Every structure is written in C-alpha cells, then in structure tokens.
Amino acid sequence: MTQPTKDLSNAPKIIMVEHLNKFYGTFQALKDVSLSVQQGEVVVVIGPSGSGKSTFIRCLNRLEEHQSGRIMIDNTELTNDVRNIDSIRRDVGMVFQSFNLFPHLSVLENITIGQIRVKKIVKSEAEKIATELLERVGIPEQAKKFPGQLSGGQQQRVAIARALAMKPKIMLFDEPTSALDPEMIAEVLEVMKELAKSGMTMVCVTHEMGFAREVADRIMFFDHGQIIEQATPEDFYNNPKSERAKLFLSQILGH
Amino acid sequence: MKVLLTFWVLGQNLSTNLKTRNLSTSFEFLGRTAGFQVAEGSAFGVPYSSEDSYLKAIVVGLFNTLRVSLLGIVLATILGVMVGVARLSSNWLVNRIALVYVEVFRNTPLLVQLIFWYFAGVLTLPQVKQAVQFGGAYLSNQGFFMPWLVQKPDSISFVPVWIVAIVLALATFVILERRRVNLGSNEPAGWLAIGVLLLVLILGYFVLGQPLELDLPRTTNFGIAGGASLSPEFAALLIGLVVYTASFIAETVRAGIQAVNKGQWEAARAIGMSYSQTLQLIVLPQALRVIIPPLGNQYLNLTKNSSLATAIGFPDMFNVLNTAGNQSGFNLQTMLIALLVYLVLSLIISSFVNLYNRATRLVTR
Amino acid sequence: MVKSKTDPVRWLRENLFSTPWNTMLSIVVVIVVGLFFKSLLEWSFTKARWAVIPANFRLLMVGPYPLEQLWRVWASLIAISLAAGFSWGTSTREQPLPRAPFVLLAAIALLALVWQFGNPSGTLVPVACASLVGGVFLGRAIKTQNKFHYFLWTALFFVCVALIGFNFGSGEVPSSLWGGLLLTVLLSVVSIVASFPLGVLLAIGRRSKLPVVSGFCIFFIEVVRGVPLIAVLFMAQLFVPFFFPADFPQLDKVARAMIGMTLFSAAYMAENVRGGLQNVPTGQDEAARAIGLSATQTLFLIVLPQGLRAVIPTIVGQFIALFKDTSLVEIIGLTDLVGIGEAVRNNPDWLGVTREIPITLGAIYFIFTYSMSLAAKNLEQRLKTSN
C-alpha cells in the first residue's frame, strides 16, 4: 500500500552529508557517504548488522564523531564546537533502542526536564506541553508513574514524547522497536506513523518493513559502511537492483 | 559434630583458666584513679589530669577518636570526590596524576604511610623558633598553629548567629531553586545563598557588639601560643587517614559515575543538555545510589583505622584503653569496652547508609 | 586516504589543551608536578642515604633468621618458583608465550649475578628465575588436570611451612626468628589459607536453621567485622592462651598473631562466600533436591562449587588487602617487614633515615600488591571467558 504522495519538490534540504568517513581506530565504519534529506521526508535506513547504519545516524547528532567529510543540519555545519553541537541537538531529536529514560524522574519529569533546563520554559507551560504529548502518544494516565513501572512499549512512547518536547526539526530513530516484545511493537509503530504523516522529517534505522512500506519516502540500504542502494519502498522491496540488497532481502523475508 | 566438640573443649579451657588466674570480670576499676597522663584532648570540654578516673581517661580517648574520625571523614570525602572526578577528566595529565595518586596510596599499607607522615613528615618540620609560616599559620615539629576566631571573654555567644545564617541561606537557596523551576527565572541560587550567609554573619557580628576576635599564634619563650592548634600526632594521623581513605573514595566515586549507563549520557545530551547539566541532574543522582553504600564502608574503615594512632602516640580511644588495661591489669574489660564502642560506631554509620538507601530507592513495578 | 592515527601535536591539543579551562589546568599541573619532582630528585641524589637499604637488605627480607639455616628459605623459594612456572605454563598452554616476563626475569637474574657476585644470593636468585622459566616449559609440555595443581599447591604450602620452621636434625628455626618480608608473606599466606575453610563454615553456619548456630555465626562475623584489626590482634595476644590448658606449651607471639589474623580474615571471607552463595540461582538447589540429593550433598556438590567460583576475584582482593594488613603486627612487636624497617630506622648507626625507610617499604609493598592486582584482573578475565 502506498502513502499519498507528498510534494517534496520545493522542500529545503535539511540534512546534507558530504563524503563522510568514520573510523574506529583502523576499522572504517563509514566510507565516503554522501546523501541529503529534505524537510518532511521520511527515510528508512536498513542493512545487515555491522553495516554502519547505527553509526551513521549517531553521527547526525554527534554522538559519534566523523573523521572527514561534512554534515550540515539545517545549513549549520556539525563540528567540534561544543556550543554548536548543543544547539544542533536541540533541533534533532533521538529515540534509542534501549529507551534510556531517566529512572529517577517520573514520566512527566522526563518530558519536562529538557524544556525547563535547556529551553528555559516555565514549569507550568512545560507540563502542559508534556501532557499534550503524552496524549498524542496514547498514555496520558502514566504521567506520575516512574519508568520502572511501565512496559517496554510504554517506555518507548515516553521516550518519543521526550524527544518531541524539544520541538525538533528532525527525529532520528535508532532501532526503536528492536528491544521490544512482539506484542508491543505495534503501539510504538503507530506513534511513529502518525508522526510521519504529520510532516516530521524522520530518519529511522529499523527492520520493520511494514512501517517502511507505509510511510517511508525513501529506503537507504547500507552495507559495509556504504550506501549501496536508494529507492522508494515499492521499488526497493519489489525490484532490488544490487546483489547485496537481494541477498539481504532474501534473508529477512525468508523466515 | 566435631565442630561442637572443639567448641566445648575450648569453652572448658577458657573457664578453668579464668578461675585459676583469678580474673575478675567486673568493671568497677573504671572508678579508680588512672595515674597516667593523656597527651591531649578533653571530655566534654573539661580537661583531664592524671588524678582523674580511668573512665574519664577513656572518655577523653573516645573524644579524640571522634575528633579525628569526623574531621577525617569530611576532608577525605572532599579530597576523594575531587580525585575521583579528576580520574574521569578528559585532560590526560589530570587523569594520569589522579591515577598515580590512587594506585600509590591504595597499594601501600596505612601503617607505612602513617610512619612516613609522622616521623618523616611532621617531626622533621623545623623547630618552633624557625617554624614555617604562611598566611599567619605556623607549621613546626610541635604542631600546626593557625589563626582562629574565638569568643571574647564575657561576650555574647556567636553560635545563634551561625544557626540563623545557615538557616536563612538554605531557605534562600531552596526558594530560589523553586522559583527557577516554576517560573524559569535565572538568578544564581547558589551564589545568592552564600551571599545571604555572609551578610547575616557580618551583620550579626556587629549587632552583637563584635563578640569575636582573631587569636593569632605568636612565638613566645615557651613555644607558640594562641590560635587553634593541632598536635603533631593529630596532624600526622589526620593527614595519613585523609590521604589514604581519599584514594579509596576516589575509586568508589569513579566507579559510581561510570556505572551509570552510557545511554543516560546520550539521552540527556541528545535533548541538548550541557555536560554539567547532564552530570548534575541525570548522572550524579543515579551515581550516588551506587556510591553511598561503599562510601559508608570507607567511613567505617577510616573510623576503625584511627586506632592505628597507637603506632604514633596519639591518644585515641584504643591507645588509652590499651594503656589503661596494662596499667590496671584489667585487659579483658578494656578490650571489651573497645569492642563495644567500635561496634556501636559501626552500627551508627551502617544505619545512616541503610536510611539513605531506603530513601532513594528507584521505583519499580 | 584519511589519516586515522593521531600525531603528537594533535594529541596534545585534544588531551591537554582542548578548552581554555583545560589549558590552564595543564599548565598549573605541569608546574606543580615539576616542582615536586625537582625537590624529590634533589633530595634523592644528594641528601638521602640510600646505603641503608643494601646494608640491611637481608634483615628486611628475612629478619633475624639464622644465616646458616637460610638454605631452607632458598629451597622454598625455588620450589615455589618451579610450581608457579608450572601452573602458569599449564594455564597458557594454548597461547603463544609473551616475551616481556622472560625479559624481566633475565634482567633480574643478570642483576643479581652481577651485583651479588660471590654471595649466595648471586647464584640462587638466577637459579630461582631459571626454575620459574623451566616450570613454564614443563607446564606447557606435560598435560595435567586442574586437580593436580590444587594438590600441588596444597602440598607445597605445607612443605614450605615445615621447611622454614621445623627441626630436621640440623637445628630448627623457632618462629621468634622469623622476620622481614618472609614473615609478612608467611603471615598472609597462612592466614588466608586457614581462613578459607573457616570462612566457608561460618557462611554455611549463618544460613543454618538452628538459631544457636546461625546466631553464633552472625555474632562472630558482625563483631569481628565491626572492630579494628589491631583490636583483634591485641586480643589474640592476650587471650589465646586462655583457650588452652594451663600446662600446654605457650604459643608464641607469631602463632597468636596468625590466629588473630585468621579469625579476622575468616569473618570477611564468610561475607564474601555468603555473597557468592546468594548468587547461585535457587533453581540449582531445587533441581538437585529433585533428583534426590540430600541437603548436605546439594550444598557441597552443587551450590558451593558454583558459589565459590563466583567469588574468587573477591577472595583474591581480600588476600591483597590482608597482605597489607599484616603490617599491623609491627604494633604488637613482631618483626615483620615494617617491624624490621622501624628497627633499622631507630638504629643509632643510621640516624636520620626517616624517609628512606618508609619509601622503600612502600615500594616493596607496592610492587607486590600491584602485581597481585594485575594477576587478579587477569584471572578474573579468564574466569569470565571460560564460563
């Protein structure tokens, strides 16, 4: 099923990556990666483990440092300058595979702490925004509970709300459902789909093909640190062009 | 079965021996005159002389132990936290120097360190007449003397002013922090609180008619008089205990901070929080949970280790009890008192740790 | 091609001068440390009387041990080197040999040969090094079971203790003449070995259903852990004779100190073992009982082996701490390493060596303790991966 086609022809390029190289010691994790993402675009990154897809996405908010090449987020270059990094991070939200909620703070506090401490928003205002977000992700009644009391799916939805509270321009998802029990994956994907349809620019590393087919504008296939193939979901899943993509798809579709 | 038999035999031996050696198990000797001098310290502010009872001597010793332990705990914590944070510094020099410090002082016995600080350190300082001076303080082989604020005779006690100052400062801090979170205001709560503290102290000083004066140490024909003083034994014991224990505390602090899941750092930085905000609001609260129990253990160790004062002649409680036991012949009783007091101190510290643990438990299903 | 290695200038920039704060910090640290080392080296090369160490080396190592009986110590040392090499060789059979330890051993042997030429230690130290190396190759060549090594070390332990003290017809060496590093090592090893079974018993007793037994065990453990070691040592010196009939030969100071240290160590050992036992999943106990093993059998065959395995690193840590704690016997008058050090320091012939002695003692302890910690980390790694 294809989504109603978005008109991205006039959308500015909000992420631009040029000749990105990243090394861990002598091991090269990313090889000469170049791409751009337009505002409002939903990009799904897939590939075998060790292909560099997580490394790539973590470079986008400087959780990993690149050795050469350029990353431009909303026309600002991502460099070593600490102030620059912090300001970019406010515009880029991230959702982690292991949720990483703050266990000593309540659900509401998890969502408001960034607003209060980083954006200097008044507490009452922050709580209002937080409550709206909790409704948006479907769990408003959990506001006063602590992360340890929630299920995995609920925790991940709180994590998404926490990232959204900062009103980012881009949302990065690093395998958001990989650590969840099967019956909880759907509730998180629902939230992500709604987010995509609302026009958020998203870059997601995920294995969930149903999700990709439904909302992705573009699939990027990574292998051994390089982008092997880029295509629309339809084209990629039905007509993979490269050998490696074909091999990969046969492996995950096999079972 | 064999175990029980062994115990029975030992118990039998013990009782026959006690009977034949005519050892009493009473504590009445405590009331007798001690007949020996205790080099320093006082019981509840009342000085001690050799005419006083054994009991009083022991109490003086206990006070000495508490003095050096409490001061040691505070100083060791400060130093230990500093070194622990330094161990995590991105500055290679600072990081490695802290590492050397920790490894050197953790891997050598405390006794050797104490011998060094006392015999090779404090006692090798110059004589009183050529004492090392800096900032008005005198460091000599007869002890450390430093300027101290003392109550002028017949003046109003300054203690209430301290209490008022601290209460007001804390209140200021709490109120300002609340305002910052609730209203997003930006005043630096910490600095303003300190300002309030100083303001109240200064005002109180003048309002009460300047009841304090500076007691400066000065050289006299008999040595140095005035100011607050630390005897060489106390100084050496304190330095040794602090430096040794701080190295263990540093490792505990480092391990605690590193124990916090790296994902917590990433999540906080990802929403734009700065390094210090992350440390203060997210990492340290979680790290403290891991740090406090072993920290309590270190405090316990410091208190027990203060008994090594025996080796350098500082009259801590153990030293005094030992002397009292040998002098009076009632070693059994003095050793029992020692056991009891140290056990009570251990229990007190352990309960504080348990209380803290209970109060800060993470809420789970 | 991107340069992935860091060059010196870049390293300096990133590690020392990355921010203004760091730069200032680095400069301050360099100045302070520089001054410290300057005065340290100045003192070390001009005013320090390092000759006190070689002059008293034998005393520091073995205390007042009679010269003509030293062969016993050497024999033990060589036997231990052989066994250590053997065990090490067996444990690293599958891996290639690292070169560094052998270079180190060769250096030590050479140093001893040259420095002590003509003296017994000039030949015996190289012999000990050689036996270590020989042991390694032997261990790699012959295949042996773990059990063999347990027996080897247990037997070696008893043999060495006997060798060092007992009468073999050519005189004996009473424990009052044991001193220096020899006494320190002896005290630590005997205490940790003896406290192991005692600690395990205490840990088991603590879990007992009989209130008398568990009560006593808890009482003992908590009391001993709550008081300073020095108190335990003093009490051992004073009261151990009370537990023996009046006509029993008087236990000497060293024996009483050993008893004191053993009891002290046993309490901590009991807590470590208790931690290990708690971590054995209850499923193990249930499964064992389900196939019909009795409570005692379950304990000794199933639970204990697993529990003990888990706490080996902690026990090694305890040994290292105990090694340092033996220094306290100086306070009760024994001539261990620190005791000898103090005697030397107070020797009127060597007036003023207040700093050289503690520094040397510190260095000796440091070398031993640090190497033991490294070995412990190594052991922990291998235990983790072998599971």
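Letters A, B and C mark the chains in the order given here, with residues in each chain numbered from 1 onward.
Here, contacts are C-beta pairs under 8 Å (C-beta built on N, C-alpha and C of every residue); 3 or more make two chains touch, one makes a residue touch a chain.
As the structure is a prediction and not an experimental result, all values here were calculated from the model.
S.K.: If you average the Cα atoms per chain, which one ends up farthest from subunit B?
M.R.: A
S.K.: Could you find the two chains linked by the most C-beta contact pairs?
M.R.: B-C
S.K.: Could you give the separation in Å between the centres of subunit A and subunit B, each centre being the mean of its C-alpha atoms?
M.R.: So the centroids are 51 Å from each other.
S.K.: Which integer distance in Å separates the CA centroid of subunit B from that of subunit C?
M.R.: Using C-alpha averages as centres, the distance is 30 Å.
S.K.: Under the stated contact criterion, what part of subunit A meets subunit B in this complex?
M.R.: 61, 63, 82, 86-87, 89-90, 92-94, 96, 98, 100-104, 113-114, 116-124, 146, 148-149, 159, 162-163, 165-166
S.K.: Under the stated contact criterion, what part of subunit C meets subunit B in this complex?
M.R.: 15-16, 18, 22, 25-26, 29-30, 33, 201, 222-223, 225-231, 234-235, 238-239, 241-246, 324-325, 327-328, 330-331, 338, 341-342, 345, 354-355, 357-359, 361-362, 365-366, 369-370, 373
S.K.: Spell out the part of subunit B that touches subunit A in their complex, as residue ranges.
M.R.: 181-184, 186, 261, 263-264, 266-275, 277, 281-282, 285-286, 362-365
S.K.: If we count contacts the way the header does, which residues on subunit B are in touch with subunit C in the complex?
M.R.: For this pair, the touching residues of subunit B are 3, 10, 13-14, 16-18, 20, 90-94, 97, 103-104, 107-113, 115-116, 119-120, 123-124, 304-305, 307-308, 310-311, 318, 322, 331-332, 335, 338-339, 342-343, 346-347.
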